[in-house]
Amino acid sequence: MELTVYLAGQIHDDWREQLIQKAKEKKLPLHFVSPQTNHDKSDDIGEEILGEQPNQFFRDDAASSINNLRTQVLMQKSDVVIALFGEKYKQWNTAMDASAAITMNKPTIIVRPESLIHPLKELSNKANVTVETIEQALEVLAYIFE
Amino acid sequence: MELTVYLAGQIHDDWREQLIQKAKEKKLPLHFVSPQTNHDKSDDIGEEILGEQPNQFFRDDAASSINNLRTQVLMQKSDVVIALFGEKYKQWNTAMDASAAITMNKPTIIVRPESLIHPLKELSNKANVTVETIEQALEVLAYIFE
Amino acid sequence: MELTVYLAGQIHDDWREQLIQKAKEKKLPLHFVSPQTNHDKSDDIGEEILGEQPNQFFRDDAASSINNLRTQVLMQKSDVVIALFGEKYKQWNTAMDASAAITMNKPTIIVRPESLIHPLKELSNKANVTVETIEQALEVLAYIFE
Amino acid sequence: MELTVYLAGQIHDDWREQLIQKAKEKKLPLHFVSPQTNHDKSDDIGEEILGEQPNQFFRDDAASSINNLRTQVLMQKSDVVIALFGEKYKQWNTAMDASAAITMNKPTIIVRPESLIHPLKELSNKANVTVETIEQALEVLAYIFE
Amino acid sequence: MELTVYLAGQIHDDWREQLIQKAKEKKLPLHFVSPQTNHDKSDDIGEEILGEQPNQFFRDDAASSINNLRTQVLMQKSDVVIALFGEKYKQWNTAMDASAAITMNKPTIIVRPESLIHPLKELSNKANVTVETIEQALEVLAYIFE
Amino acid sequence: MELTVYLAGQIHDDWREQLIQKAKEKKLPLHFVSPQTNHDKSDDIGEEILGEQPNQFFRDDAASSINNLRTQVLMQKSDVVIALFGEKYKQWNTAMDASAAITMNKPTIIVRPESLIHPLKELSNKANVTVETIEQALEVLAYIFE
Amino acid sequence: MELTVYLAGQIHDDWREQLIQKAKEKKLPLHFVSPQTNHDKSDDIGEEILGEQPNQFFRDDAASSINNLRTQVLMQKSDVVIALFGEKYKQWNTAMDASAAITMNKPTIIVRPESLIHPLKELSNKANVTVETIEQALEVLAYIFE
Amino acid sequence: MELTVYLAGQIHDDWREQLIQKAKEKKLPLHFVSPQTNHDKSDDIGEEILGEQPNQFFRDDAASSINNLRTQVLMQKSDVVIALFGEKYKQWNTAMDASAAITMNKPTIIVRPESLIHPLKELSNKANVTVETIEQALEVLAYIFE
């Protein structure tokens, strides 16, 4: 049994690569899917496909429509969702993805630093498990196969 | 036909009272429900009912469990959801509520200032309508009855 | 037992008023809800609430977002859907509403002239009942109470 | 991860073959399914299997029942739906398929020429993404794998 | 709390009137809904509304489409379903209604004579409760309020 | 794409073997699943596994519980359901299976002789397609792959 | 807005009467529904309605079928579920009811003594809120209206 | 066709190994998944991954959150659920898992000794089949392939 895991969350560092690398080292039967992690690509994709938009709002909306389609396709294919929040960014779309996953009954793991306990308390309470590091998230996944 | 409207979002100012007052003036057949808007009450409710918790994390989690139950009860009773984002706060729980509402097929209106276009672009794209003021949100509701 | 009936379809003539009037004459316990039937209002509502849009596409999209919210709210409250197609207009939104209703398991009646048998054959086959006049649609509704 | 894509829409030209060819050239892991694209076959299938029908209405209904079964089977197997509208035909069944897909939470891309912006505005607003060419639709699909 | 009860089953005798009368005597807060119990009316309703049909098959199908719409509307409004099978008739539509109710998670009571134990064994096993008389069915309903 | 087809209906003749043989000859990518077609086995399975039961009613109920589990497992795995009614038997469980399939949104084909038009009219109206022979049912399946 | 609350759990003491009395004193707009709390009645109801059963197993199963129907009807009508576990009894049916409620997305409060923390840990983790006294459960309900 | 079977229930003896061994001997195409059966591991997993918790309640809750995620992932992948109750332990989580499975429409088999007939009567009535030994449970599974 292989599980597909959607990795929601910030796209400003390489946490996904680290997590995927560690999963490989542990030889876990996991297949990972993700949002577009090239930030510029993610912001530009609307105009890239649909052409120039009238202003920043419509530019953002065009990109979001395509990013949201991508997320919907991949999340529906997933068995588990990991959503990581870092300290720097607002990442409302991460909260949106995690909440959508929970409402769709996808088992969901939140990764967030201790400093975000208070602002993320409601989401954390609704998720299955909340951890502070990607190593811990991976231990939770590994535990499914033990 | 009376509609029940859940008012998700920040609890640091009186936007709900203003919106409810304006709805009354327009004599719209709307019934509004909300999260706990007394911020201290909302943060304290866990320990108030369940007793002192071991530390801040568990204090927050206890409060969130009760606030989340409240939200779940009231949102399931609602026909429409309005989620307001202001400039000051992180409000990940607002994003969580809006996303849960959208995933549950509740028609959803986002209210957010122009300055939040970029960070809220994905959520805005998934919601039915995004506006910048509570007056506009109310006009959308009023339009249902025209 | 009162039933709520959503009247989807063209907004270019007064078929809804006729149907509602006839329902009243028959003293049927029916409550009717409808899309915005003032065509100009329906086309203008986006810019009216959200302000001027960059071009016709965005003007239409803004209006549609608000009309779709209205339809979603009212259709979710409905027990039966009637969708009327006339000979003049494309009315893809009527086909969209009828198909959404059927997929949501709302009992659905199609009203269409004989001339539209061929282009509407798939939708007609999926709906519960297809008739040619609003009088027939009303007879179907009346039969529920016999 | 291979995705199955349902290609709804007009069956009067070879847009599906073009799109499938281009997908092959890009080596995208996509599997395409479609309605019956032989128009005569599609219109005749009812009488072909069920025997001669009393008149054109029943002939159309018999064909539609079998075409709708085909669509239901294939759409339920699909991960994404593309619905193409051309300028020539009424294609209410395309609107029906797109709306059913959206209501079933299938990620959906509309392809339509600029001239159809106004009549398709509500459906376009409900779909995930609307584009004007099959190349753009394919770029959206390709983006899922980037 | 008033409950709505759908009375599926044969329409060849007055079992519904008897059951409703006994419910009244017990002053139970029950509201009953039923299929069309006038057999001729039920068979004729298709042609009555839609006009003469080409042959018996289409005459039956026209009537069924309207009777099925009625059943769908009323069963969706119901909290409990009672399905009665008698010894005389085939009543596959009763089995159809009972099975649809069970699949929709409507609590369901089967009433059938001892002689039908064997042919109804699978349906009986899926229903919540199987009894032999309408008095027993009513006792089950009465028990909800005790 | 291979489709799984559940073959509901009478188990007193070899219609399934015939249909499966013809499907093989046509090289259709179909995988068939069925209820227990050994009638004695099907009736005895309850006591065979659970031991002797107090009387015929409980003997039947024990068998049905295991046959219903089998049907539920296999029908949930299926993409299409064929339900065949013959002239000899009451087969309420066939009506039950077909109705459950339709309510679960499984595309459903009814096979029944002309003589059963009237008693099966409601079920026939709810199914996607109704045919009279297994050859026709197979043609409908074959059409999905054309 | 009045809420309906299902009170699952042991029927060996008067905790429901106490809770309902306290709710009345607080003038909360709550309507309570419950399983049969007369233990003998609850155990006898199967034979009372269906007649003598062959042995204890069937006697219990007959009673359970009717008690489960009652629970299903009332729980489907409820907005919130409270499930109380006491120290004395096994109450697997309370765990069953609580788990069914949670799986149906009914907001759920567990009441259990400190001594049951370990055996109820998984259920407690899945419920919205876990408290130790009915006063606390009522405070959670009261908080919804604050 | 291979079926995935979730084995819920007590983790204090080797009933799963026995059942899996017997399934292998019968060459049944079954794939089994289970909760963590190392009791200490199951109790410790919370602190193992999340670090030391403030007290026994939070230690248990941390472990449960991870065990519940595991169960949710594996049960969603399963086609059938077997839930075994032994005489020694409270096993409310087994009742919880069985009830969740039934509510999710997973075909469910209960295994319990005769001595537990009375306390498990409601759950037993809701499950598809109840047996007393794992051999019987396996016979039920084997019957699906006969």
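For clarity, chains are labelled A, B, C, D, E, F, G and H in written order, and residue numbers in each chain start from 1.
Going forward, contacts are C-beta pairs under 8 Å (C-beta built on N, C-alpha and C of every residue); 3 or more make two chains touch, one makes a residue touch a chain.
Because the structure is a prediction, the values reported are computed rather than measured.
Shared contacts of chain B and chain H, meaning chains that touch the two of them, come down to A, G. At the interface between chain D and chain F, under half of the residue numbers appear on both sides, which makes the contact a different-residue one. In this structure, the chain pairs E-F and C-E differ in their number of contacting C-beta pairs, and the larger number is found at E-F.
With centres taken as mean Cα positions, chain G sits 38 Å from chain A.
Per-chain Cα centroids separate chain G from chain H by 24 Å. If each chain is reduced to the centroid of its CA atoms, chain B and chain F end up 49 Å from each other. Listed for chain H are residues 65, 68, each touching two or more other chains.
The list of touching chain pairs reads A-B, A-C, A-D, A-H, B-C, B-G, B-H, C-D, C-E, D-E, D-F, E-F, E-G, F-G, F-H, G-H. Within the complex, the chain A residues that touch chain D are 4, 31, 33, 36, 38, 41, 45, 48-50, 65-66, 68-70, 72-74, 76-77.
On the chain C side of its complex with chain A, the touching residues are 54-55, 58.
By the touch criterion stated above, chain D contacts chain C in their complex at residues 56-57, 60-61, 63-65, 67-68, 71, 85, 90-93, 95-100, 102-104, 117-126. By the touch criterion stated above, chain B contacts chain C in their complex at residues 1, 3, 79-80, 105, 107, 109, 128-129, 131, 136, 139-140, 143-144, 146.
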